[in-house]
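Note that subunit A is present in both complexes that follow, paired respectively with subunit B and with subunit C.
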Partner chain A sequence: MFSQMLSSLTDGLLLGFVYGVAAMGLTLIWGVMSVINLAHGPVIALGMFGTYLLFTHLGVNPYLGLVVVAVFGLALGFVIYGAAVHRVINAPHLSSLLATFSVNMIIIGLGTAIFSTSPQNIDFPLGSVEIGFLTLPVTRLLATVGAVLFTAALYLFLYFTRPGKAIRAVANNRRAAELMGIPSSLVLALSFGLGTMLAAVAGGLISTFFPFTILSGGPYELKSFVICVLGGLGNPLGALLGGLILGGLEGLIPAFMPVSWVPVVEFGLFVLVLLLRPSGLLGAK
Partner chain B sequence: MKRFGWCLLSLALAGFFFAALGQAALAAEPKTVVIGFTASQTGKLNVEAIRQINGLNLWIEQVNKAGGLKLPDGTQVKFAAKFYDDESKKERVQELYTKLISTDKADFLISPYSSGLADAAAVIAQQYNKIMITAGAASDSTYKKGYTLIYQTYTPASRYLTGAIDLLSKMDPQARKVAIVNEKDKFSTDVVNALKAYAEKKGYQVVLFEGYDSGTADFAPFINKIPADVDAVMGGGHYADTSTFARQLFEKGVKAKMVALLVAPPEPKFAELGEAAYGVIGASQWQPEAKYGPESAKKEGLEFVGISVADFDKTYKEKFKEEPSYHSAGGYVSGVILAEAIKKAGSTETPKVKQAMDEMNIMTFYGHIKFDNTPKEHGLQVGHDMVYSQWQKKQGKLVNEVVWPESAQTAKAIFYFPR
Partner chain C sequence: MKFWRQPGFWLPVAIVLLWGGAVLALRQDTIRETAFTVLMFVALASSLNILLGYTGYVSFGHIVFFGLGGYTGFYLLSEQGWPLYLAAVAGGLLSALIALLVGLAVLRLRGAYFALATIGINEAARAFVSNFGPFGAATGLFVNFSAYEKYGGASQALWTTFTFLWLTTLAVLVVSFLVKHSRFGLGLLAIREDEDAAMVMGVRAPRAKTITYVISAFFPGIIGTLYFFKNGNVEPGDAFQLHMSIEMLVMVMLGGMGTLLGPILGAVGYQGLRGYLLTSPIFKDLHLAVAGLILLLIILFVPAGAVGWVRHRFRGLSRVLE
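And then the complex of A and B:
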């Protein structure tokens, strides 16, 4: 029982890091511009397909391919921001919600037409490592390393570079930041780009160990919402923590009850956090 | 007067000539029978569903190319397909089958792929008094609802994986522990319920019996629950989830002697899993290596109908540039069954064709076909048997070998672990 629990927990935590990256993208966009990005899921799926196409057509190692996917995610974020979000940024939330939902539908429609909905796989087996009674697939370990690296890079960017500081300033008080000469439109576009970049990277990481279709981003988008609320909306580190909690729960719960109970407990917790600590575990009080 | 007589005679002759001509024209007038179906061209079932309609379309093309069917009254029957994409969704299926019957005037129906979708379509077919052949739907429960016009081509779920237990007892008489992890859909649930009962009857201990949601990608929570000393892992569901399950069983280093899964392993695409496919056993409705032909028909005292295994295999590969799977064979054979019933009935009218279907007992390239015609389980397939195939290696290349039943064996079964 103990060994089963430990291996379940490890699996869950490893996955939790990747959840965290996906959720950081969502929470960054929310934190800076108060936009709930409903195109988050399809962008995750595009990240999966980006890695897949680079691997199958150009033979690029999926982990190196992530760098290209990240750049593509950033560029895609700029495009989505310019085309759908910029004009409705000051409108009521429903407008930006619908705008990003439209982007969601467009990406899914195009993706279905181009890739169909057949499941795709990145056939890049790296085997497993055995540590005592734990058998850990190398792909998951590498995904965790990737997630940690991207989180660290984001942290350094936000706290130690001028554009990063500008993003935090705009998130804090857009009007004041503008008065200080910060070009808020550019900063908003950059934040949106970073958010979609993180989503695409998370997708790329997931694609190395799970099969996917253009619809596969949906569940991760939903998990991202739960994680954001758990960790505190707008707080990237909180998102990582939330990801770990969610991953850990997903690993632990099945050790005690049928796996189908996982969402019940997860969303039960979601409601509980909303009731008792609406700003999340690491959110401002 | 004489001239009048000549006139009358020529008129009569002309009348006779035109009447004969008309009769001939009437007799040779071709009738087009519309076969309606939906296909999951998109959605989670599209791999299997597309193979199924490929098979059916190949049959339609071949039968029409050969001039169609000739009925005893001289009517030449040709076939036309009318179909829509059901997106692998139940609610679309019912809407589309109603449309196929009411708007497109389909004469006969073929079911969509998968038991869930076929069950949804069966209600509509029965309601509108149309014969439906369920290709690609193994669940038993559809045939216990009192339907009289639904006929099954697949071996039913209740007999789907039970052979794997027999094979396990043959491979390792000491084996005792079986873990069952299955998709929580209609078909897989029917299969594993029957499997569990059979395994327990044979003295096996079912150490894990749990279902997962359709579309599950992470099987680690289930695999972690499988005890380390398990002898066999069985279950799965449809292609997408089962191939992922097989991949993760391998990555997590499960040390079972046997891994026997539903649907995915017999698919040629399964070999893309590489090492993870090695040793995995699949229950298959049909394999290209199967030895069904006029000889086996004669042995069982049956009439052999339709194309040979070799010809099906060859023409399918030529047209679709891929290996046919049992889904392709299931699609094709539903056409063969329908044509045979129409031929025996000498008509395309539902009651007469139904009578012929009820009495059908034939051998085809796909195997024995016979339907239960009692009110209790009307339409259930009682003739056809499963074959079990396993991915083994020949000169370092993965090949799919038939390992059970022994009579159809092309190679001896090997252990999944130790490999």
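And then the complex of A and C:
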């Protein structure tokens, strides 16, 4: 019993890292420009399909394919920002929420027409390793490693490069940053690009162990909301922590009650945190 | 102010009055079904507009009241044998009660946090109902056929349901107008413009927002009961569609938020467009993408919606188009 719980907890935590990456994308965009990106889910799904197409049609190793997916995600973010977000960046929240939602509809609509909604999967089994009594699928371990690497890279980028520092400056105070000569529109586009890049990468990682359709991004988008609020909107480190909490819960809850109760607990917790501590467990940005 | 003298009040009410009356006079099943769907969205969008248009608060999960009220009403009607009228009002009251409890807590949050919380509440309710035994858990409930017999058989029951929906829609419009033109409504509009300034001026913002939330949650509960009674079954997937929630927002935006006529135009326009895209041979695979593109263009270039745009262009009409 105990060993079973421990192994399902480990499973959940490993998945939690990947959730964390997806949520970090959402929280980064919120932190820099106070926009909730409702096109987050479809971008996650596009990340899954990007990895899948590279693997099945060009035979690219899914983990190498992630780099391509990341670049594609970054470019997509620039496009979405320029087409939909830039004009409404200073408008009330409703406008940016609906603008990103319309992007969501466009991507889902095109995706359904092109890929249909039948489930796909990436057939790239790597077996599993045993550590003590724990049996861990290698794909999950690699996904965790990938998630940690991308998080570290994001941290280094934000704190030790000029564009990264510019992003943090704009997040802090856009007008002051403009006065210092930082081109804020470019920085906002870059932040949006980084956010969608993280979403696409998370999608790519998830596609290595779960089957998916073009609609699969939706649940992960909702999970990302929960995670962002748990960790504090706009706080990337909080997003990672929130991801681990959510993953851990998903691992533990089935030991005590039917699996179908997992979302009840998750969203109940989400509403509770919003009510009692809206700045999240670690505090907002 | 005598509201029955206002053209801005009469125009929307007359449209709905004539429309429903014509459907009842023609007595054709297909026309009734179409009118039911569109009128339902008119009523849903108008009740969302009471919150969204007047206070500026975005309730992304407003469909939760449609779902919960619908479930409650359906349960009372089908399992407990309540008459339709009572069950629907009970569904509405339950939605209002939940809105009161939720509102007291959640409306302290502002802007995007509030929007996120409403999504969370909808998902939590869906997940809960999917596990809740008395409501049939994941499979939902089916109507007990004896329930139809009280209304003279299934076909007559559908006409009764339609009439009730029509009256509800009229009620939403009247309430919406009364709220907008009351002292209370002025307070709401002040909150929309600047909440802090409104509070300094003596508007009790938390209380006013909660009351508005309760009003705008009451009607979706009634409509939910009618809709699921018409369908004959209710299940979690149908009752708590986040997608429908967002369609309601789109309709309000299309027509013009904060106006009485806007949600009517928005709902009719959106349903018409959707119907055209779904059946057109060129767009039928891409209907979602095309609808998304149109929505994007409206938000970017005509954010005030159709009614707002006309009012701005033709000042003389602003008395007629409320």
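The rule is short, and it goes like this: the second predicted complex is superposed on the first by the 283 of 285 C-alpha atoms of A that agree within 3 Å, B and C clash if a C-alpha of one lies under 4 Å from a C-alpha of the other, contacts with A are read in each partner's own complex, and residues count from 1 in each chain.
We adopt the following convention: contacts are C-beta pairs under 8 Å (C-beta built on N, C-alpha and C of every residue); 3 or more make two chains touch, one makes a residue touch a chain.
These figures come from a predicted structure and were not determined experimentally.
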item: Fit or clash - subunit C, subunit B, common subunit A; value: fit
item: Subunit B versus subunit C as contact partner of A:G59, first or second or both or neither; value: neither
item: When both partners are placed on the shared chain, which of subunit B and subunit C touches more of subunit A; value: C
item: First (subunit B), second (subunit C), both or neither touched by A:F101; value: second
item: Touching partner for A:H93 - first (subunit B), second (subunit C), both, neither; value: second
item: Partner chain(s) touched by A:D11 [first = subunit B, second = subunit C, both, neither]; value: first
item: Partner chain(s) touched by A:P137 [first = subunit B, second = subunit C, both, neither]; value: first
item: Touched partner set for A:G181, first subunit B, second subunit C, both or neither; value: neither
item: Included angle at subunit A between vectors to subunit C and subunit B, based on C-alpha centres and rounded to the nearest 10 degrees; value: 70
item: First (subunit B), second (subunit C), both or neither touched by A:S260; value: both
item: Touching partner for A:T112 - first (subunit B), second (subunit C), both, neither; value: both
item: Partner chain in contact with A:I36 - subunit B first, subunit C second, else both or neither; value: second
item: Gap in Å between nearest CA atoms once subunit C and subunit B share a frame through chain A; value: 7
item: Touching both subunit C and subunit B, counted on subunit A across the two superposed complexes; value: 112, 258, 260
item: Residues of subunit C that touch subunit A when the two form their complex; value: 52, 56, 58, 60, 105-106, 108-109, 111-113, 115-117, 119-121, 123-124, 126-128, 130-131, 138, 246, 249-250, 253, 285-293, 295-296, 299-300, 303
item: Of subunit A, residues touching subunit C in the complex; value: 30, 34, 36, 83-84, 87-88, 91-95, 97-99, 101-106, 108-110, 112-113, 222, 225-226, 229, 233, 258, 260-261, 263-264, 266-268, 270-271, 274-275, 278
item: Subunit B contact footprint on subunit A (complex, rising order); value: 4, 7-8, 11-12, 15, 112, 116-119, 121, 123, 125, 127-128, 130, 133, 135, 137, 139, 209-213, 216, 250-251, 254-255, 258-260, 262
item: Touch list for subunit B against partner subunit A, complex; value: 41-44, 46-47, 184, 210-213, 217-218, 220-222, 224-225, 228, 239-240, 243-244, 247-248, 251-253, 272-276
